[in-house]
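Reading through the structure tokens given below for one structure.
Going in written order, the chains are labelled A, B, C and D, and every chain counts its residues from 1.
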């Protein structure tokens, strides 16, 4: 397998950054990590996950859709879309890599969302296998193997070298473009690392979490469950879980009057917010219970119902560590699966 | 209306003026033919304490380079005590803006009575000069609203 | 980029505004031709489908297309004034341009399940708007359908939407039975007085009919109960729904009832389909 | 402590003093504690917990809970009692419907700080005096408690309960803390340095509204930032201005009412030191209008609802400190 020694990783980054924009996860002062545009000297984070997920690159928190010029009774629509530049996102974990499959099902289904597709076409996802899963990880529940990540190019580290394998054409082009820096390497140590990670995966507290009780056919059973009241009673109705989630894709479309034209933009929205479904004549989800239920029903029941059983969660564990009151999808699943 | 010399920066000043004193003061400065910059845009408010911190921020968002709030002199408020509340609020707000690194000379509170036409004109001239020195507002502007 | 994106709207121009009731106006919308003149439709649609209308800077909203697809000259929207955007629309003058995108959603199955059937339309208030499209479609393809009966009720005579069209065209049509009702007695009204659900029961329509119903939720609820009492089954009754929408293509995630999106899988549902979904509307 | 609380809760439930108990519920791991309402002693036996991670301030839940049928028992830490008192003062809670049991707190831990040390796969946390033993799937670790104390507890302002119906343990004292040090440090920077500092912090904001929704002072039925008619409604900061605006206005709206409970910074997923904005207002109020601690009592007038004819002019901002 092709590899590069860990010491030479900076050279690799430099070589990629010369050709296209490169984003890598890097540590912040407060210990969290986030994706940043690569600049010389930047160090790859050793953290498991970035604070915000990699969905931001393809579905940013705010983006302009169109501009309008209003003059008297006339309206002019200005298409502001431009072909995106090529970019590489390096170090995406297996869970986040799977999130793109889920987002694709939403945005690339008919009618295709050209804003998302544009970035998807121009972005190369380079994944990195996990070696140190956290207690909040439950990707295996959704059939994700963190030692065999998806993505255009998959990478593995055995501590000494980083190994590369292209999964797609785009990925192959990426590997070819840096092949000068890569050499053939022996994977014995890597196989050991993988085996060790797999062993740890089995020991994680959430290793036995199962999706068996969920899916499109369980709609009414879960919707009517009495457990929602207790589960949602302490929910603050903030949007933390939705905004750090790699698969949450609900959005709002808004207009902003700049004083010299109208900008129509879309921004992330959260089903946890009270005005999410508010209309002039009323609101169909008036209580936090209904809004809370919507979020989890969407991930565990509605999404699989519409997408051949695929769940709308990848088990990255971000909502578990970021919820201000520590209510999360795992607690919901465990509560609901008990008959 | 706006005479803009491209070479020299002309700050846009928003002046919130209370209906009972400062707005009349501005009127008086006009009838007395006193000069103050044309880029001062007056917004009349019923009382200086009608001005909510949001008004100040929104003025900056929409392109103001400086915001000044004028009201009756303390003790002379038409509603007895409105300007006393204004004084506390604006002190705290301006202090917060300063804390966030927004240039402190972009904001000001001035008490102008209905008889002080000359003070109004002088204040506006002086404030405009002070803001002009700072240059365009960049730290609290909304890029979307910048004139192309 | 030249990929078509449904989120980027077309421009339409309002060529006629009709005050139907004190709070409902019907807007005629035409496309703008390359030479700048206003004529024709912005796009084709089927009865029951909707379009997103917007005034940039004010908002965007989903409205059902009131005119029949068989009308090749223009599209019409009957809009009740109830919020920010609709107030703005009501303040418009002829010649105002608006943005429009669509058509969205499914339609009443006029070419499949409804073909050859006896039809009963039940509407309340502004609920006539989506049904008017179907009624006129049926009238223009009269040979494909059996009996047509329309039961329409409103708060008062003045609140009957499209009253002129109802009297002049529908009531004058010997092939259509029209039953109007208003909630309370009113001077100058010699027709039926009473709520729609009760009137339906009084009229005791034949069970062979397929029902299309639209109106305020409370009216739908009681009318459906009444129909069931008369012996109608849920598979015979269709309705059309409305929830808050932003994208209109099943992606923004808010207009779902259970796993169905009203904008994409609806707005037209048969009651047996709704029965399988949570009661969230 | 936990045992004493459990028996107190069961006793008050049994003798009918209260019908419900608000407290904290065990989670999946050692640290993910959720606030919860308990209605029976079985539930309490099963799930009730009070340990080093029960840092959530439950006062805000009492806005809703105190209006329900039946009295509710609330276990409040000293800082939580300030929030409740402030809410009582603003008539946001029905104090007569709440039975407050004051409980001491010797500082809560911040799991984020533990994780920031690179510790992961945590399966258990055990406190032994001043050391913390953490077991993980990768082996055990020990560290000093002080190292991972949550920020809000490091700058604790008071160990005294300002309102309670009953106390478990001894009441503490108001303590002098160094909580304004960081504010002062920023004040002594140049305006440009301050600007850069705050741009760096506020640009991280994802507008999740956690700070607002957790804040015991933010109890408006409809927030200006949710109200489409306010003209400033927004769901995401589309421009750096909107990031600033949200936090300035939010801090201003709670100025003089914020008890400095530190929840805003604790819940921020991006670790923005939001409490500094509130503390700046508190510090200004203290120095310009006299010492004031929101929530310390239920009678005094809030500084922004009050004035004296001798108040300083706003120009004081221009005259003091560093340009």
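A few remarks follow.
Throughout what follows, a residue touches a chain if its C-beta (ideal position, glycine included) is under 8 Å from a C-beta of that chain, and two chains touch if they have at least 3 such contacts.
As the structure is a computational prediction, the values presented were derived from the model and not from experiment.
When every chain is reduced to the mean of its C-alpha atoms, the one closest to the centre of the whole protein set is A.
Between the Cα centres of subunit A and subunit D there is a gap of 30 Å.
Subunit B and subunit D have Cα centroids separated by 37 Å. Remark: subunit C and subunit D have CA centroids separated by 51 Å (rounded to whole angstrom). If you average the CA atoms of subunit A and of subunit B, the two centres end up 46 Å from each other. With touch defined as above, residues shared between interfaces to two or more other chains in subunit A number as follows: 252, 256, 269. Under the contact definition stated at the top, the residues of subunit B that touch 2 or more other chains are 142, 144.
Of all residues in subunit C, those that touch two or more other chains are 84.
Under the contact rule stated at the top, the pairs of chains that touch are A-B, A-C, A-D, B-D.
Against subunit C, the residues of subunit A that register as touching in their complex are 65-66, 68, 70, 73-77, 79, 81-83, 106-107, 111-115, 117-118, 216, 219-220, 223-224, 249-253, 255, 257, 262, 264, 266, 269, 271, 276-281, 284-285, 290, 294, 297-298, 301-303, 305-306. On the side of subunit D, the complex with subunit A involves touching residues 27-29, 31-37, 56, 61, 111-113, 115-118, 120-123, 136-138, 206-210, 212-214, 226, 228, 234-238, 263, 266-267, 269-271. Put simply, subunit B touches subunit D in their complex at residues 53-54, 57-58, 60-61, 74-75, 81, 84-85, 87-105, 107-109, 139-144. Of all residues in subunit A, those touching subunit B in their complex are 256, 258-260, 263.
Listing the residues of subunit C that touch subunit A in their complex gives 1, 3-11, 56-60, 82-84, 86, 93, 95-99, 242-244, 246-247, 249, 251-256, 258-259, 276-278, 280-281.
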